[in-house]
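Chain naming follows the written order as A, B, C and D, and within any one chain the residues start at number 1.
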Amino acid sequence: MSGSIYGKHFQISTWGESHGKALGVVVDGCPAGISLCEEDIQKSLNRRKPGQNRYSTPRSEDDAVEILSGVFEGKTTGTPISLIVFNKQQRSADYSEIASYYRPGHADYTFDEKYGFRDYRGGGRSSGRETIGRVAAGAIATKILDQLGIQITAYSKSIGPVVISPERFDLSQRDSNPLAMPDAVAAEEAAAYLDSCRKNGDSSGGMVECRVTGMIPGLGDPVFEKLSANLAKAMFSIGAVKSFELGDGIAASQAKGSTNNDAFSLDNSGNIVKSTNHSGGTLGGISDGNDLLFRVGFKPTPSISASQQTVNKDRKEISVSIKGRHDPIIVPRAVVVVESMAALTLTDALFSNMYTRMDHILDFYRR
Amino acid sequence: MSGSIYGKHFQISTWGESHGKALGVVVDGCPAGISLCEEDIQKSLNRRKPGQNRYSTPRSEDDAVEILSGVFEGKTTGTPISLIVFNKQQRSADYSEIASYYRPGHADYTFDEKYGFRDYRGGGRSSGRETIGRVAAGAIATKILDQLGIQITAYSKSIGPVVISPERFDLSQRDSNPLAMPDAVAAEEAAAYLDSCRKNGDSSGGMVECRVTGMIPGLGDPVFEKLSANLAKAMFSIGAVKSFELGDGIAASQAKGSTNNDAFSLDNSGNIVKSTNHSGGTLGGISDGNDLLFRVGFKPTPSISASQQTVNKDRKEISVSIKGRHDPIIVPRAVVVVESMAALTLTDALFSNMYTRMDHILDFYRR
Amino acid sequence: MSGSIYGKHFQISTWGESHGKALGVVVDGCPAGISLCEEDIQKSLNRRKPGQNRYSTPRSEDDAVEILSGVFEGKTTGTPISLIVFNKQQRSADYSEIASYYRPGHADYTFDEKYGFRDYRGGGRSSGRETIGRVAAGAIATKILDQLGIQITAYSKSIGPVVISPERFDLSQRDSNPLAMPDAVAAEEAAAYLDSCRKNGDSSGGMVECRVTGMIPGLGDPVFEKLSANLAKAMFSIGAVKSFELGDGIAASQAKGSTNNDAFSLDNSGNIVKSTNHSGGTLGGISDGNDLLFRVGFKPTPSISASQQTVNKDRKEISVSIKGRHDPIIVPRAVVVVESMAALTLTDALFSNMYTRMDHILDFYRR
Amino acid sequence: MSGSIYGKHFQISTWGESHGKALGVVVDGCPAGISLCEEDIQKSLNRRKPGQNRYSTPRSEDDAVEILSGVFEGKTTGTPISLIVFNKQQRSADYSEIASYYRPGHADYTFDEKYGFRDYRGGGRSSGRETIGRVAAGAIATKILDQLGIQITAYSKSIGPVVISPERFDLSQRDSNPLAMPDAVAAEEAAAYLDSCRKNGDSSGGMVECRVTGMIPGLGDPVFEKLSANLAKAMFSIGAVKSFELGDGIAASQAKGSTNNDAFSLDNSGNIVKSTNHSGGTLGGISDGNDLLFRVGFKPTPSISASQQTVNKDRKEISVSIKGRHDPIIVPRAVVVVESMAALTLTDALFSNMYTRMDHILDFYRR
């Protein structure tokens, strides 16, 4: 259990390092009979690919995915789906320098403490490239949810001090600017802010917001396997995440019950609905049919060229400046990772929910 | 998998409803040879017991725990430890009214959607009494951590708009006021705020902060089983939690790398330490030896006597006012639950970490 | 993970020792809406109760079960079901002697090696009483299978050298003799054999056979989670089991393909069936719709009054004779344990199978 | 959970089909710091490679393994190890005929029942080639056990009616004959038997025996996670297995306690030992320090050229004869698979055992 397996029903096992031969994932528990081709997965991978604009590392990678198993005549067979992405730039850099000290804000020190040594090439397993397996597997989960009408949409909500405006919110803008902001004005302000950060050899944090529509009520279990708890874990498993909020989030802790409770009412068709959604789509940790709405806060990219203090292998205090061009912000490329982890988590909850009622089980087997 | 089992190495299985005969927990995977008696567990249970002050439900329960198995001649045997707490007030109330409608902010609606019906007596399994099993098991985990010098301390950081002051911070105050605030002045302000809430039939949210000292570096795994991710899940598995922050939390998403990164330096003994702890004690999801520091935001108690809109069994919109005296704030009693879930999560990570290095495995078996 | 949790979907957590206060089980993942009362469970427990005839230990226990949670108004709620059986004779015996040496064939030595000490009262956790939790939980699983038409029937196939005869096979006899043999003649022969064993202070091994009718094809997964593999584990988890055979079992290893293969044919309704069932009801580890048929071999009860050599606490070789009246054969009381473990294993496979096909998942959620 | 993940601590995730692009495995939970190169793994894979003699399918495959991740500068890093073997002959055959009917004794029918269709090329995921991932991962587990002095040795014990003789037992013979029999005379008799089987278009079953020396006492847990139970599952997860016996196995069910119990005594150094090993190396499911000894029975290869009855896609009864040259016996090539599954199971138990005693945990963390 080194921690690279996720899910209890729809299980994924990711592998690979920043500068190894390849990265990939094995998906165990994907239902049979889903149409699946490489293009389905490539679309998602392309959204996290590096080098697409000036706010992303210039590393050149196609990140072309290959399906190695589990698909026959265009359909999933129900057996493990193995996906692989070969690294192109695995030998390009000289890592002797970063091998010699601990980069502040990175996992260099903790890997050494835990394992006794580390693969120092580009962060090894703690690199952002590790998310390739998550996004590839998430693309399959997304196909499953799609067929049930469940849609997951994430975007950059804030970058440094720049927050999108509810008035200007326009989802169609998200894919039109390099910062994945659904607000063209905020995107320009954020770009200016990032340019100034980079000029100073600095980086910025930011926040991703995610909305899930078409939710089915009843997903998630009481107590430890709450849908909300599993989403919290899913999001905090992404590198650099420091906060997770569901619905009103932190504001709920400052609120009163009379304003925070969501009243129930009837819609025009006589269905029970909530008049508001402060809770963010769950009650008691179980989905209530409303949109899921949550926010994930990311710390600034730790690789900065500004001078920092640290300690080297010889246990001497030194000043360092991380070389190379790094992402000044992780948030825009993390948007698809947030969506992928949400898709994996929801798919797992969807399957788990199928055996919770005896009448449903009887219907299933007597059909 | 109805979600009442927690942990992968130190596994607990909780059970029981608010108004059933009893509640309890089975602990599977507790090491042999730990001194354990009922008083060890009772101390923790007493901290979450109802009816101790005017900010807590007046339900009268001793919450006296009994050890049914797994302990022989005062020591744990390595086999399952079964703990039980009998309910005293299981038949006291008339629940026919709340059986007839969905209480806003409660899990009534989602339980009905998921299971087809619900145990409506006092919230059934989604009651706060469900945490008895967590706290009882957490007391055992705490004994394990104690022996390794790991100490977990939580307290109320804010109640409604009242936040403790860093200048007045005094941990010894925590157990001297009914609101578990380590700041006597803030505790008085919060009490006044709660009194006004209650006068208006309202309730308040709040925030718990938790610090873990004596941390061992290297706990947690990269990728999905990050210590931070498991803490996030643990905290979000507690009812009413809407936010989780590690270290600087949300502030990190507004920060720059140059200020957010924690520089490494050497302490007087020549050990590698961090000069600051913005990260909250993990790097790459693995403990870095610094204190863990995290905050958990709770929504206001949903049971309020002020009038609310909802829908009843006959699918009619109605106005309701929840009767009885309920906790106007969940936070002070949740403090020990936060500590317990942290203890369970850390113990699990502690065991998992033992088989990560071949040299350590050889040392272990060749000793 | 001390190993007292079984199942991945329908999960049970058993606890309790031979001479502790009580034994029990928590069932997590039982579907909502199943009628359940104590009598449903008591029926199964009564079949394993001691002291019912002269081939069973005379320990006097009612083994009366109590439901502590998870049932409301006569139906399962979908939340954990806690079942408890109090021990009556927990303090009756003097165990100072067996505390002082290692009983041959028992787990005394291995418990000491593993845990550093042991609960020596009546075998502690390795006692046959540990199966109370399995049988209680198995009774619930059996109710689920019943509703789908799946019936599990086990019986004693052989006791020492006495084997039931296919010609005389009469299932109605099973519950008419104390040895659970579906053959009245063999039962008498076996009784005589056991009487002679006991006269010599000796004990006997035997074999249980189990048949499952009404099977649904498609249960079990390829590779590691084969239905056959999980049955093998389930049976070998019962104390004293030394062999497991599916279908022709050992005979298959001496056979030829031409005689061992089961031909496919069509029945009168045009359904595909197998003409024979050498395989015992699985192909590739997945149920094929035929009866499951397997055999479980038990070693002789290790507690015998005949003199044996062993080593005591002072590391001296000694001769011992186990005092008290013990079961001279474990097999008749193990019949219901075999059925229970089969029921638990099948229920788990039944739930797992529900999310293997996308068309079925869509049907389920769009109903 | 499609069942291709094995282990709880040392976890492997296998993937790939007989005629897909490749097969492989991801090992999650391998400790850091183990020297590992492709040759270490290739040695084991070569033992199961097809086409090496006339008792094996003539399919030509190099089965050359490549390490894609988890190893840095010749040592395991503690992160997932991805291993891949490309198929060479993936497009060689015409499978249209076997696509049209259900082969007796194969998983064709059950895959169709479970998944709605199947990858019919060479058996797809239920092919013997699926074991490549197991053997590759098993080679790593074997390296771990080696360092602790634990050695696993399996061999063919019987082929059809031909059984090795205890008097002629000579392990050095095992690798000198194509049937992996540690008895040169039996190997010749078995070869003659197989030649006659094949002449008649038939196949044979057989049995593998496995011995583990250098065992550490205390491995395995009481109740469900007995070492014996996990070995039973491991072995029954191998295709074509129909029986599993530990120690005296089936003979124990016919024995008396006085002869079946293993007496304890002291060896020359004063250590507690067992005078006999009828139990096969466990007591109460926990290793007792003696050799593990178990036997695994395999049914005859179901692919035979002799005529068989079956049903085709159009639901017509037909006679078929499986074309091509198939293994007339699966046993010799299964020997390394049995060893691999034993190695994986033991490694898992080894890690699980590390956190069972508080004094050992304290020693570990205070070292």
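FYI, a residue touches a chain if its C-beta (ideal position, glycine included) is under 8 Å from a C-beta of that chain, and two chains touch if they have at least 3 such contacts.
Given the structure is predicted, the values throughout are model-derived calculations rather than measurements.
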Going by the contact rule set out at the top, which chains touch both subunit A and subunit C? B, D
Between the pairs C-D and B-C, the one where more C-beta pairs touch: C-D
Could you work out how far the Cα centre of subunit C sits from that of subunit D, in whole Å? 26
Averaging C-alpha coordinates per chain, one finds the centres of subunit B and subunit C separated by a number of Å equal to 38
Name the residues of subunit A that each touch 2 or more other chains. 1-5, 8-9, 14, 29, 32-33, 78-79, 114-116, 125, 222, 356-357, 359
So how do the chains connect up here, line, ring, star, complete, or something else (other)? complete
Residues of subunit B touching subunit A in their complex? 1-6, 8, 14, 102, 104-111, 113-116, 125-126, 130, 158, 160-161, 197, 200-207, 217-218, 220-226, 228-237, 239, 241-250, 252-258, 260-266, 270, 272, 275, 278-280, 282-289, 297-304, 306, 308-311, 315, 317, 352-353, 356-357, 359
In the complex, subunit C residues that touch subunit A: 8-9, 29, 31-34, 76, 78-79, 144, 147-148, 216, 222, 350-351, 354-367
Contacting residues of subunit B [partner subunit C, same complex]: 1-5, 8-9, 11, 13-17, 20-24, 26, 28-30, 32-33, 66, 68-70, 72, 75, 77-82, 84, 114-119, 121, 124-125
